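Chain nomenclature is as follows: A, B, C and D, assigned in order of appearance, with residue numbering initiated at 1 for each chain independently.
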Amino acid sequence: MSDLKILGISGSPRKGRNTDYCVKEALKVVEEEGLEPQFLSLADKEIKPCTSCWVCQERKECNIRDDMDEIIPKLEESAGIIIASPVYMGLMSASLRAMMERALVTRMRDFSLHNKVGGAIAVGGGRNGGQEYTIHGIHNWFMQVDMIVVGDGKPGGHYGGAVWLAGKGAEHDEDGLRTVRSVARRVVGVAKLIWGNR
Amino acid sequence: MSDLKILGISGSPRKGRNTDYCVKEALKVVEEEGLEPQFLSLADKEIKPCTSCWVCQERKECNIRDDMDEIIPKLEESAGIIIASPVYMGLMSASLRAMMERALVTRMRDFSLHNKVGGAIAVGGGRNGGQEYTIHGIHNWFMQVDMIVVGDGKPGGHYGGAVWLAGKGAEHDEDGLRTVRSVARRVVGVAKLIWGNR
Amino acid sequence: MSDLKILGISGSPRKGRNTDYCVKEALKVVEEEGLEPQFLSLADKEIKPCTSCWVCQERKECNIRDDMDEIIPKLEESAGIIIASPVYMGLMSASLRAMMERALVTRMRDFSLHNKVGGAIAVGGGRNGGQEYTIHGIHNWFMQVDMIVVGDGKPGGHYGGAVWLAGKGAEHDEDGLRTVRSVARRVVGVAKLIWGNR
Amino acid sequence: MSDLKILGISGSPRKGRNTDYCVKEALKVVEEEGLEPQFLSLADKEIKPCTSCWVCQERKECNIRDDMDEIIPKLEESAGIIIASPVYMGLMSASLRAMMERALVTRMRDFSLHNKVGGAIAVGGGRNGGQEYTIHGIHNWFMQVDMIVVGDGKPGGHYGGAVWLAGKGAEHDEDGLRTVRSVARRVVGVAKLIWGNR
């Protein structure tokens, strides 16, 4: 089972900052639990927005050539996907949104992300400043691509990783990091049940 | 595997009407797929709202005696739970909300609904009158009790069953009923993967 | 202008506790700003759920006799309505939900709550445990009854009052109480603009 | 009062298509109601995502030079803003998201969009495919910039314009277009009350 991969995506435009940090904390748990962690930052990727040309419907490939060419296979080869976004004006980052739009092509490939397990993380400056809505936006996409959605499970039982920077930085928010680790554990646990016996 | 149970809950106060109809359509699919369907209407149940007394934290049982006494075991013995609500003023019915509140006790029993698979159905009079928000409210609860959430999957790839009565009744909304059947198929499929090999 | 009323509703089943406290904090601001505060607790009210009988469509009155008989006029005579709910399993309380359902009758009276100004408060035990979703559920209803929706405005610029009990109680959450006061100030400000010159 | 401007923003990357059409339908109502309509398409605009550099906090201007330089003044000079988005994978378009992020600077200018009136429109291919969530995402932003939020009011009483393309195009969805016109009427009505007497 050790070859199951869990992809952690940081939707922040800033490399090495809070959102990356949280994804890496999540991926530590993935490794401890015996699955293979993969880290993907969208910060240095070129991802053009979808133009709704619907070429993918016929060709099963996107008409646009950019870094989505390498991201789609990474999504497709994972058993679970953890997506983290900074909370920007109450929702996910525009670059993460662009990635989500462009993943339309996976629906055209007979829903190639079917049954992959998804968990969400939101990293915000304010305490209740859109973390929940950002998480819901990510869950929304998981369902669009026919994935399976989990929250952070025991012991908190909420929606995913919810981090509050409070002017200090993610590493100081122990309460939030606990939810980050919980959602990672939850994605791993369900991914093993779904994909482990294949 | 045939002993896996899928519980379909109708959160409507009206027996035998549109929401019940949709749950029964979903449960037909459950039966066709070889699992055991169970129907539960909240219409004739007495479910008092939670009073936030927190007695359950210590005793692992709710302090209130009413029909939740029989509903909790039904939730606990299912591998999957399909919850349908009429859309009332944009959200789920108050009686469904009461059931959800009272299920707090399952969190105190070490999250006894852990890993059960949940799908949602919303039945509304208007076309875009709160079906999505009602579905999200149900998903919200699934995560609170540490369940696994699925949408309606292929081919539509949205959030669950979304039915529009349009002044005529659920049985006339073939587009909506297709999403109802899809979410049932999706709950069954994932429930088999999670619970079928035990 | 001093005869403009702002109604503060506590959707908690527990009298004199955290949610009541937050509503009263909000109403202090209303008074300071020169409008007339009114406090309404749903704790001791009998509010039966809507049965979707649609009698109100014809008669412009609800078929059910209970405490909604006195609540509807209170809603109708206010220029602004501040609704607070405890976060129960991620959403608003069942009794608040019942009140919202039953307000269907106001839609039948040519939307008698048209242009009243609404603000929301959510009081939760966990930090990111459904406050935002609860606020959204309240906003959802404001739109159903054709009210005008405001967040907490300057300086935080989020969605309303978001209180975190953290095992201690609302009075200890100064950050949250600041959002409670902000949303009250915002409701008052817009209510004056909408209703003050009549 | 005729100099009050209502800005209609189309968040579609496709010029002259369904989302543009809906915005123009909304703006016809604006004109009929005696206010000044302004149309803005994001299709040919360059709007780079926010990099969270926080330079705006100090300088009250964004550090990035692109078409937001002309969009911010348009937002600031309007009494009301109607935002329409195509529903892409369940939420708003990435370019609209980028515009929203970059409007962070308005918060730094003492919330320069304070009290402007906002209404939302979502244009989707599927019937219940994310229209409500897209509308909520737009409302979320309105609150972040301290605007006032309205739904589509009478007679439907839902959340804004909700259009279903159904493989045919927006002009064929008369039910949806009615909500588009209603939300425009509602934005105009409240904008007059808020800004008309100044």
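Note that a residue touches a chain if its C-beta (ideal position, glycine included) is under 8 Å from a C-beta of that chain, and two chains touch if they have at least 3 such contacts.
Everything quoted here is computed from the prediction, not taken from an experiment.
*Asks:* Looking only at C-beta pairs in contact, point me to the busier pair out of A-D and C-D.
*Replies:* A-D
*Asks:* Quick check for the class: compute each chain's Cα centroid; which one is farthest from the centroid of chain A?
*Replies:* Result for max centroid distance from chain A is chain C.
*Asks:* Measure off the straight-line distance from the CA centroid of chain B to the CA centroid of chain D, and report it in whole Å.
*Replies:* Taking the mean C-alpha position of each chain, the two centres sit 35 Å apart.
*Asks:* Between chain C and chain D, tell me the centre distance in angstrom, where each centre is the average of that chain's C-alpha atoms.
*Replies:* Those two chain centres are 26 Å apart.
*Asks:* For chain D, which residues are shared contacts with two or more other chains?
*Replies:* Within chain D, residues 90, 130, 133, 136, 140, 143-145, 158-159 contact more than one other chain.
*Asks:* Once bound in the complex, which stretches of chain D touch chain C?
*Replies:* 107, 110-111, 114-115, 136, 139-140, 143-146, 148-151, 153-154, 157-159, 190, 193-194, 197
*Asks:* Across the complex, what residues on chain D touch chain B?
*Replies:* Listed in rising order, the residues of chain D that touch chain B are 90, 126-133, 136, 156, 158-159, 162, 164, 175-176, 179.
*Asks:* Which stretch or stretches of chain B touch chain C in the complex?
*Replies:* Interface residues on the chain B side: 12-14, 49-52, 86, 88-95, 97-98, 100-101, 103-104, 130, 133, 136-137, 140-141, 143-145.
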